[in-house]
Amino acid sequence: MVLMEHRQGELREISLEMLAKGQELAEKQQAELTAVLLGTGVDSLAADIKRLCHRTLVLEDERLTHFNSEPYQDVLAALIEERKPSLVLIGHTAFGMDLAPALATAGGIPLATDCYEIEVKDDAIVPYRQMYGGKMCTEVHLREAPCTMITVRSGSFPAEGLREINGAIEAVPFAFEKDYSYKKFIQYLEAVVGEVDITQADIIVSVGRGIGGPEHLPVAEELADLLGGVVACSRPVADKQWLPKERQVGTSGKTVKPKFYVALGISGAFQHLAGMQNATTIIAINKDAKAPIFGVADYGIVDDLFKAVPAIVEKLRERKGT
Amino acid sequence: MDFLEKYELSACLQCGKCTGGCPVALRAPLNIRSLMREVLLGGEPESVLEHPELWDCTTCATCTLRCPRGLNPSEFIVGLRAELIEGGRVPKTIIDALEGTYKHGNPWGRARQKRIEWKEGLEVKIIPDEGEAEWLYFIGCAPSYDPRLQGVPRTLCRMLDAAGVSFGILGTKESCCGNEIRRMGEEGLFEELMEENTSHFRSSGATNIVTTSPHCFNVFGNEYDLNGFQVYHYTQLLSGLIKEGKVDLPHTVQKKVVYHDPCFLGKQNGVFDPPREVLRAIPGIELIEFERSRERSLCCEGGGGRMWVEGTGEGERNSEIRVRDAHAMGADVIATACPFCLLTLEDGAKTTGLEEQVFIKDILELVAEAMGFDHE
Amino acid sequence: MDVIVCIKRVPEVAEVDLQVDPTGKGIKEGDLVFSLNDWDNYAVEEAVRIKEKHGGTVTAITVGPEESEDVLRRALALGADEAVRVTDQKMHGSDGYAIAKILAAVIKDMPYDVILTGVQADDDGYGQVGATLAELLGIPHATLVTAMEIGEKRAKVHRELEGGMEEALECALPALFTIQSGINEPRYVSIMGIRKVAKKEIKVLDLTTAGLSPEDVGTAGSMSLIERIFPPPVGEGAEMLTGSPDAVATTVTDIFVKGGVI
């Protein structure tokens, strides 16, 4: 059973990723793949989803319009009890992190979170997850139970090769008994433009002196925009005021731990490295093959950034289809 | 002791020689004279703690050296910082440096295990594992971890070997000397560092300690209680070895070099000549002097915690002034004997765009060239 | 306003080379430096700010052996009023679910308006204890909290969503919130500050005084266990990408797609 995740009318990518993996697991276990779609006005989503699984359970209710762990938990608990899936997949997202542990606890369901791989060994589900900031991987043993739950790390399972199964859509009834005013959604808050806190960014494109001047910043900005990230810089750039000081990464600037850190024309002076060396994935582009940044980077490109970056931007646009 | 009494604030003449000589006051609103007066009038330090420029001070101690009444305005600033530290009101980057030091023994927050990576491939005696030595070489945090600086201890070790000096290092047991830590106001952490390092010094069997950094040199010589030890900066040891003919400098280094006196070596501890003696012993070097040299050396703005905090000042940094002056004098190289000066001046060379014209080098890098060492 | 903060002592692994221990189910901890879980640091700071604004008390609780008192002392130095440590040999090997059970047993008889935990822990990154604890106590919860406004009977919070977006919601109190990093700037705790609280009493509870039985805790009371731990397959140093800008660009794009960015 896979919980579909959507926001403001759009199905989130994680949903398709989980369906892809779900299809694979269902086949291995000779079981049915069921998608659960809760919300309001989700007809068109249901139509897309039903092609990819054996059954799409839909419940529309205004209590479910915006994600709220409380009503979602009650509905899912009932569905799990009724339909008895052997495995429940939920995204390890803001959604899933709020819902899964509480749901699992209420139902006595063993839970593994943030899993990047799920295998089937001797008919048992074996999840894999990371520990210590990605430095170690673990094979998890979940207690034997009729149902287990896994929250899935985004991007772990490519949303491709999805088979057309074309199952039925089933509207499920549910009698809400509780008054959920004890946890009430108020509104969404869009990211504030103009005030950038680079320490909170997942993706950072950082420029060093190699950018040459403020007039060349658009090269980095374009890349950052495509990746959904922010632009940061090393100290010389902030000193020259090509970017405001709040964008500076380093010992006398900010320390950042993004998922991706793209260093453009940054030599990797020690004070800079200290501010970003713990980023999950570091990609460095520098003309100097001996630049210290390559010592901490995961991927290195020795090239003129003004050649390398536009090529990357083009490929990204292609892949995004924009 | 009451804050006012501790710093003898009522003895202050308000002559302004302190602020007048302050290298930071050129472009930041740090006015020590005025701060001392404010606290005196306010009766307690609380009245001035809302001054962010308190973190601009480099603790170069020019103010203390100039004070006609022998007061210690530099310590007064440290005292104010201590108040801020106890109240937890500290810039985030300083918190990171202090917590990094507490947890890992260095303000860069680097793993203690990696503190000896600089010596890869070299045979260097690690005293706690391998036994006593006459000289204890204290590397320091920045030279241990920063790739730009790691060549300096490497060269010194090779040179000491070649000169037949019996020495060893503390290895991963070495912790931050605490000079900057104390000057950032974290007295408690400084005491712990001092205790730990001192205990290792005492069990090392050494009678002499030599340091890479003037900061370590300063704090060991003046603030640790190290009876029975002689503390040297490497330029003093090196200059002595050269005079004894124990150092061979066969290669010519054809460069016009200007020497920048680090505050913690020069004006604070009076070590002006040994570095110059070393430079003059290198064949080919033409040694010239800044106008502001020796006691009047222009602080690079790297000390007193400034490696971890931006500073409130606007406009040209001292490091940029230094590089421009060197360039105007036709110097190829600014030589220095302090890791922080080196890093800070190199930043200045980058931001002035002069890094291909004026190279910043540690004296040991020039020695390495003269000795034919591949300075890697 | 009485606040309870649940905290955890975790190893610092940022730059350290981790090694699998002989059991194959854990890592060698010998050389590691331990400290307060980063998220919990923000949680304790937030708790102290609530107290400073609304009055009341802050109680820090941890489950762990004697070494865990370090993090409780830090919490006290940050401004917590009381500290509780729950410990028992049998609790060793507890997963997040078992830990939550232990905390629930201890907390259910304490007065509280707000319970705070970190979003997740630096070591296992499970993110389970908070919401599980709330469920066991029967109180509402909100995770990934980036801002909090406490009222008399209700709290207004912001939750972090993806892509820089947030949502605002309201919870009736008492409630549990898991705190996201960056919600505040934790104050500095000096060595002197920690020395000052060195003599403060830490209440220690065990299985019996916590009202639990052996089956509730440890591996017996857990639903997930580590079967095997292993380092991820990696290459040495930076993988240098070579070839034409076009070829390199393709490789880089693949990296981003794999990372879930595109």
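Letters A, B and C mark the chains in the order given here, with residues in each chain numbered from 1 onward.
As a working rule, contacts are C-beta pairs under 8 Å (C-beta built on N, C-alpha and C of every residue); 3 or more make two chains touch, one makes a residue touch a chain.
Small disclaimer: the values here were computed from a predicted structure and weren't measured.
If you count the contact pairs for each chain pair, which pair has the most?
If you count contacting C-beta pairs, the leading pair is A-C.
Based on Cα centres, what is the most central chain?
Smallest offset from the overall C-alpha mean is found for C.
Would you mind pulling out the distance in Å between where the CA atoms of chain B average out and where those of chain C do?
That pair's centroid distance is 39 Å.
With chain centres defined as C-alpha means, what is the inter-centre distance between chain A and chain B in Å?
Their C-alpha centroids are separated by 45 Å.
Nearest whole angstrom, what separates the Cα centre of chain A from the Cα centre of chain C?
Those two chain centres are 21 Å apart.
Can you pull out the residues of chain C that are in contact with at least two other chains?
14-15
Can you pull out the residues of chain A that are in contact with at least two other chains?
295
Scan chain B for residues touching two or more other chains and write them down.
Residue numbers touching two or more other chains: 92, 109-110.
For a test of understanding, state which residues of chain A touch chain B in their complex under the given definition.
Per the touch definition, chain A meets chain B at residues 209, 235-236, 239-240, 245, 248, 251-255, 269-271, 274, 292, 295.
Per the contact definition, I'd like the list of chain A residues that touch chain C in the complex.
It comes out as residues 7, 13, 66, 68-70, 93-94, 97-102, 104-106, 109-114, 126, 129-143, 145, 153-156, 181-191, 197, 199-200, 203, 227-228, 259-260, 277-278, 281-284, 294-303, 307-308, 311-312, 314-316, 318-320.
Residues of chain B touching chain A in their complex?
Where chain B meets chain A, its residues are 92-93, 96-97, 108-110, 142, 145-149, 306-310, 317, 343, 346-347, 350-351.
Can you list the residues on chain B that touch chain C in the complex?
So the residues of chain B in touch with chain C come to 85-90, 92, 94-95, 98-99, 102-104, 109-114, 186-189, 191-192.
Which residues of chain C touch chain A in the complex?
So the residues of chain C in touch with chain A come to 11, 13-15, 18, 20, 27, 96-97, 100, 119, 122-132, 134-136, 140-144, 156, 158-172, 182, 222-232, 237-241, 245-246, 248-250, 252-253, 255-262.
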